[in-house]
Amino acid sequence: MAQLEIRLSGFGGQGLITAGIILADAAIREGKQAVQSQSYGPEARGGASKAEVIISDTAIDYPKVKEPSVLLAMSQEACDKYLESLRDDGILIIDSYYVKKVPETRARVYSLPITELAREKLGKVIVANIVALGATVEITGAVGQGTLEEAVLSRVPGGTEELNRQALAIGFQLGRKQLEK
Amino acid sequence: MAQLEIRLSGFGGQGLITAGIILADAAIREGKQAVQSQSYGPEARGGASKAEVIISDTAIDYPKVKEPSVLLAMSQEACDKYLESLRDDGILIIDSYYVKKVPETRARVYSLPITELAREKLGKVIVANIVALGATVEITGAVGQGTLEEAVLSRVPGGTEELNRQALAIGFQLGRKQLEK
Amino acid sequence: MGENERQAVLMSGNEACVEGALLAGINFFAGYPITPSTEIAEGLAERLPRHGGKFIQMEDEIASMAAVVGASLAGAKAMTATSGPGFSLKQENIGFAAMAEVPCVVVNVQRYGPSTGLPTSPAQGDIMQARWGTHGDHPMIALMPASVQESLTLTIEAFNLAEKFRTPVILLLDEVVGHMREGIVPPRKEEIMIKKRKKPTAPPEEYLPYRAEPDGVPPMANFGDGYRFHVTGLVHDETGFPRGRGSDGDYLVRRLTNKVKNHFVPMVEEYLTEDAEIAVVACGSVARSAKRAVNLGREQGIKVGLVRPISIWPFPEKAIKDLAGKVRAIVVPEMNLGQVALEVERCACGKAVVYRLNRIDAELITPDEILAKIQEVK
Amino acid sequence: MGENERQAVLMSGNEACVEGALLAGINFFAGYPITPSTEIAEGLAERLPRHGGKFIQMEDEIASMAAVVGASLAGAKAMTATSGPGFSLKQENIGFAAMAEVPCVVVNVQRYGPSTGLPTSPAQGDIMQARWGTHGDHPMIALMPASVQESLTLTIEAFNLAEKFRTPVILLLDEVVGHMREGIVPPRKEEIMIKKRKKPTAPPEEYLPYRAEPDGVPPMANFGDGYRFHVTGLVHDETGFPRGRGSDGDYLVRRLTNKVKNHFVPMVEEYLTEDAEIAVVACGSVARSAKRAVNLGREQGIKVGLVRPISIWPFPEKAIKDLAGKVRAIVVPEMNLGQVALEVERCACGKAVVYRLNRIDAELITPDEILAKIQEVK
Amino acid sequence: MGTGKKVRIDVNTDWCKGCGICIAFCPKKVFDPLPDNKPKVARPEDCIECMLCELRCPDLAINVGGGSDGRK
Amino acid sequence: MGTGKKVRIDVNTDWCKGCGICIAFCPKKVFDPLPDNKPKVARPEDCIECMLCELRCPDLAINVGGGSDGRK
Amino acid sequence: MAVKELLDRYTRMEKLPHIWCPGCGHGIILGSVLRAIQRQNLEPDKTTIVSGIGCSSRAPGYMKFDTLHTTHGRALAFATGVKLARPELNVIVLSGDGDCAAIGGNHLIHAARRNINLTTVVFNNSIYGMTSGQYSPLTPHKRFATTAPYGNVDHPFDLCQLVIAAGATYVARGTAYHTQMLIDLIAKGIERKGFSFIEVVTQCPTYYGRKNKLGSAIDMLNWQKEHGVPVKAAAKLPPEKMEGKFVIGELHCTQRPEYVEEYQRIIDRMERE
Amino acid sequence: MAVKELLDRYTRMEKLPHIWCPGCGHGIILGSVLRAIQRQNLEPDKTTIVSGIGCSSRAPGYMKFDTLHTTHGRALAFATGVKLARPELNVIVLSGDGDCAAIGGNHLIHAARRNINLTTVVFNNSIYGMTSGQYSPLTPHKRFATTAPYGNVDHPFDLCQLVIAAGATYVARGTAYHTQMLIDLIAKGIERKGFSFIEVVTQCPTYYGRKNKLGSAIDMLNWQKEHGVPVKAAAKLPPEKMEGKFVIGELHCTQRPEYVEEYQRIIDRMERE
């Protein structure tokens, strides 16, 4: 793998920056190079939110993601805003709960009921980011499932491990189903 | 006259800076060029005090006095410190009340009882600076008596005009006597 | 000034600054005492109320700078004065004034630094700070008078430039100029060109407080005039409101820089440079010694001239570049460890050799020293 | 750090700065929150008491800087962290630390300015301010990390340099480096060279607190160790006391400047410059883009190299002068309107043509832009 | 209590952020929460026009008693 | 009323600046002013060792009651 | 008056909705300030609102007057310049607890000492909201903040007492909950000549609330309701019953020469001379 | 103890005589501080004196301890660093009315709020002496100064009341005239744990005296004698009799947790964990 560039986007409060950190952490655990960065809005809260991760086998110089090959969009606004930058051969993963209008694109699109499942199966919208992460990793193979779980468990608040493990499992499953299609 | 450089020195509180300003003012009134400057001690009060005046018919560039042709010394310390800088063909005027030890010099020396006269004749040591100014001007011809008086009267606190006029007269007289010698 | 005779008057550089400010139409001063600038505050404390203006001694220099900006927004011609330590403290709000485009004059009577240094002694150590003291890219205009007369005229000019460019202007005196007294002829009111900030011609509904005209400067309404506009130190667009966009920053900060860079005419005194083979570049009081040294050099047959940046910022690049193309050597005497020299070296671009002459023992560099250097590089 | 495995850890530049400080032996931090530096204060608020150290949030940045100097005099390894507006406010007391020779580390995580600017956006607009922000001539050391790993190692280095030279050292992060996360391998305690200030060997009666040794640096006693010495921001002689003499100032300020100038070894990364015909000079996060551009250029057969000043102040004059003698063109990309370029132009001295590449729209300059410039000047 | 007559209460749902303050502190329980926690004017006839909801709405999103022709 | 015995009062004339405070506030009028306004210990026998002159001398120029062997 | 008219007359509607978090008390205070301005019938063209930096300090951006968003902590110093230069303007300063009591503390006490005719409203949410939750000089002892991970070591100011001691002539404390009282207090502050100071206890559910497990904005308003005791009631309560509570209402109201007028007197005297 | 011993033990005699003007009260206060230090038997090697900038702030230079002459107004902030970094040191701050109450006002109230164990002595001569006579925040209304040529428009702080309101646990006021009382007050300030503050009313004959025609240093001391009313006496006087006078003695003495100790408690807790 040369350099995998992933953008996780949505709105503030969805935990996308945490997701980005966990993803980069997992990559590091596998001995890869990784850079994670994020955008801060003018008020650093509310509004759009964006986390970016670059995973590579070699040193990463320029640390920003310009044309991601993977875009996760967890809000309509984010989807509309960032789709343009996605590579033509890229992968778009959208949360069908928020993104109703799937724009036209040459990328492969996976529309997943991420938030819906988090709510339905776990009763906690708050872990939608972990569900998304599981699905994304499953679909892209960015990192291994094991290291991702390690990274998740080391970064979530004490006492929420089980919840997050379940969220991750749901995510993996969601991804797998898509791949099987 | 090319450029006349005068240094008035003594200790803080003797009014030497005022004297310097008055002298420069008088020169200006005569249409000459003049620059007045002073040294501030680290605390701007107490200790040594020094005012310098350059009078010239043409523009004055470098505004500081390095080798004065006239040195007024109203304290022993000032005399000892600044004599060295006086030009060999210069004029040294000392207040005999404070400067007891007249150092050797090739300059012409005038030892005058400035403070003594101010105290004796006017009962006010505070106008010794004006007495000194009168004597200095009389001896050096730096400016005219009339303009000097104008300058003095325009710069002293209201109500002290007469006192200062008298002090000036005493100074003139003191100078004249010396010249007559 | 009252009287109208053309009789020269003896005053100090600091006093002349007060006179200049009054002639320029100052009506607000906020300050905090500090040697060797205090006489400016004291002079205005006495004079301003006689002219219907206001003087206030604030709790510190930060507050003084803030009050000046506030007063200017309310329509006043406002000034503050300080020295080294106070100048450091004012930097944040000087940056605000630059960003929000609030005209004002900041006098810094340079004293010996760093830190408390030698409070009553001269130096020219704040030249680079005048340009770069506040954070971020920003425009800066700074003027350095070399005489008492110029202290007066450049104070007026500082107000004019501030009003013209809607930006803080720094008057960079040094202690020598601030404290020495010379005879000067104050101009008559009617002889002075007074520049006032452009007022909006649009009605309030249409007023865009940060929409620049071709000269790069937006017209400025006063608070209280019915325009009800917003002023902020955040990056803002033409409406004056922040939108948090980098593109607004790009547009704004470039405009701020360019309005000065493209429209400010650098002020330089050239003396005997026409046929010069050696040049001295000097500012403020040191330029006086330099002029004397040049004269002495000429007497000795040395083809030497003087370039005196009167406006030190923006740096008179062109004048120095031209000079470097003409002379063999440039001597840069300064009462610091080499600040103007940095820019001279840059602009000389290898075309002329730059020699530094630095004195930091609290004494004005003498003509003899400069002459010696001229002879050395001859 | 606790664990000793060589497993890389993911952390941000700000977090790495915290780790570096702890490894360097910090035991005092005073600060005031400001984006984008706040995580450093937050990290140390949590970590310091666990190491027996002290964290205090002061009432403002001025007080933070003051407390840091006070703590250092009492023997602590002390640091503060801030961004643009706070950096402006700290300047007066940074100058005090330079003058009184008090070791300390000042972190400035640069954000978009001037003024409040764009608080969460990157820029490199405080480079000149880091050198010239305080009044008067003074020495200054400033380091600019380009990666999270370097944020850690240069924080340690900043403490070492501060202790070695008895002077404030500035760690000039930019928001990109401060906020991005990378995997880094924190060194083991025993792998790190820790420099401590020289202690006096003389007994208290003979101690001259400002008598420098041949390296220009005087040994430093702690308050409370029985030396009973005097510290002031006034010009002082070797005893530490002021005498109001210009000659003391001359000696002192030259010594302060020279101890750094003559003994500091500039830190520069050179990459593929050996045979280069074109060079890029870039710092901080921009240097990452530059490295990529250089690699891309090489792929296209362009002989291009990179010089990255790690210590931006004192400016690595020699490296740039040598470079200018070697290459035809120098490209200087910066997230400002041209600050490093000024020094590069000066040092190039006309020998190489200097091209500026400036971006101030709050985005990191991309490798493509730099490559395009390289191709343009090729 | 209330006036019996329906008071006009306008909620600007574009501005409302669903904090629930109006709902919680209405003395007459005039509002019911919608799924997004924004208020539904459920019992306008109970409103006593105490204005508390309007005064306490952090988003200036509630208007009680009609426009400028309101009685207050 | 004084101890009758002469109290040793030392004035450091090098430090004394002649402010006259000691002279003015000595309850026993022990000092007389010299021409330069510095104090002359004129009536040491009247001294009651109240120490006020020592405490109030702004120049730390007065020592009452001998050196460290003093009784205070 | 209904909010619609208030919005029309005094706000920059195109800037709304504001940036504040759901349930943030700053919006309630903003509404109260506008209502007080309306109550006092201030001429909008002659009214200037000045703030520093912080979530609270964003308020002026929404208000249709001349508005000045300055540097952190310095609002009162800027406002002093505005007022002195143009005394006919009504100048209102909006500030946060950090802005006003931390970095801006000196300007606060000096403005109070001068008794300059400004009205200052402090949005006291006991935290630095804008920078995401550090303790402020008004964060209670032992409470948590990002920079007080082990509980706050500092003790807070009683800011009203401080400002009274500094010389302010009108000092009051309100809460976001007691909105009607708050409007009265601000209105009176505007009415009074001299330095008027109104501290408003308010909620930051996002940082202060979350860090200290204080529940929702509603819970925090309820806390204000239960812990804010009106002056008169407080006077009757024994000290132990006031433990942990705070007094609200008008705390201080007196008269002293106002700064700008005093200065004007000098100008007038000069003119007569 | 006789002054000779005091000088030997606690002063840098080679620096004396000091730079202050004849009759300047700063010397009296310096003597009183030294005597209080002696009374409390502070270990000289463990005592640090910190000052800002001003005539008064020159005092530490004459004192044989670790001495720190900082920037204008910032002494308390530097001292906070010294004390926190090395709590076993006795830290005494000497400051002027300008240094402490003008530019340094914020550090003063925050140090008081934290109740950090420092002793602060303010040399209040009602003027900026060092810079030759501008008004300070403690210059009385209508008095003259170089920047108040028409009489001071400002009203002064009651600095002791301000510091009490800010949270100091020991606050007292003395004068240069009442030297014995002054030594007692400073000694007690040192003894007390927490933030101790002693304002000393003193004379600057050179600027404040001259500008306001108050006569010699002796006249000014007499004024202090006649206008400084001890706390107990003041309590008995009707308000009209206190007009123009000021209270001297111990004004406030209470107990609250001290900052450095509180912080140490956290460190100790961490270690136990």
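Here the chain labels run A, B, C, D, E, F, G and H in written order, and each chain numbers its own residues starting at 1.
Please note the rule applied: contacts are C-beta pairs under 8 Å (C-beta built on N, C-alpha and C of every residue); 3 or more make two chains touch, one makes a residue touch a chain.
Note that this is a predicted model, so its numbers are computed, not measured.
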Reaching chain G from chain F through chains that touch each other, fewest steps: 2
For chain H, the least number of touch steps when starting out from chain D: 1
Pair joined by more contacting C-beta pairs (C-G or D-G): C-G
Cα-centroid distance, chain C relative to chain H, in whole angstrom: 39
Separation of chain F from chain H, taking each centre as the mean of its C-alpha atoms, in whole Å: 27
CA centroid of chain A to CA centroid of chain B, Å: 86
Distance between chain centroids, defined by C-alpha means - chain B, chain H (Å): 42
Multi-partner residues of chain H (each touching 2 or more other chains): 21, 71, 102-103, 105-106, 110, 132, 137, 150, 154, 263, 266, 270
Numbers and ranges of chain D residues touching at least 2 other chains: 35, 49, 59-60, 62, 85, 92, 96, 115-116, 118-119, 121, 232-234, 242, 244, 363
Touching two or more other chains - residue numbers and ranges from chain F: none
Chain G residues touching chain C - in the complex, by the definition given at the top: 12, 15, 44-46, 48, 50, 60-61, 64-71, 74, 77-86, 88-89, 106-107, 110, 263, 266-267, 270-271
Chain C to chain B touching residues, read off their complex: 7-10, 35-36, 118-121, 176, 179-183, 285, 288-289, 291-292, 295, 363-364, 366-367
Chain H residues touching chain C - in the complex, by the definition given at the top: 53, 71-73, 102-103, 105, 128, 131-132, 134-135, 137, 146-150, 154
Residue numbers on chain D that touch chain C, as the complex places them: 62, 84-85, 87-89, 91-92, 95-96, 98-100, 110, 112-119, 121, 123, 125-126, 128-129, 131-138, 232-235, 244-247, 249-250, 253-254, 257, 336-337, 339, 342-343, 345-346, 349-351, 359-363
Sites on chain B touched by chain C in the complex: 21, 24-25, 27-29, 31, 33-38, 40-42, 44, 60-64, 66
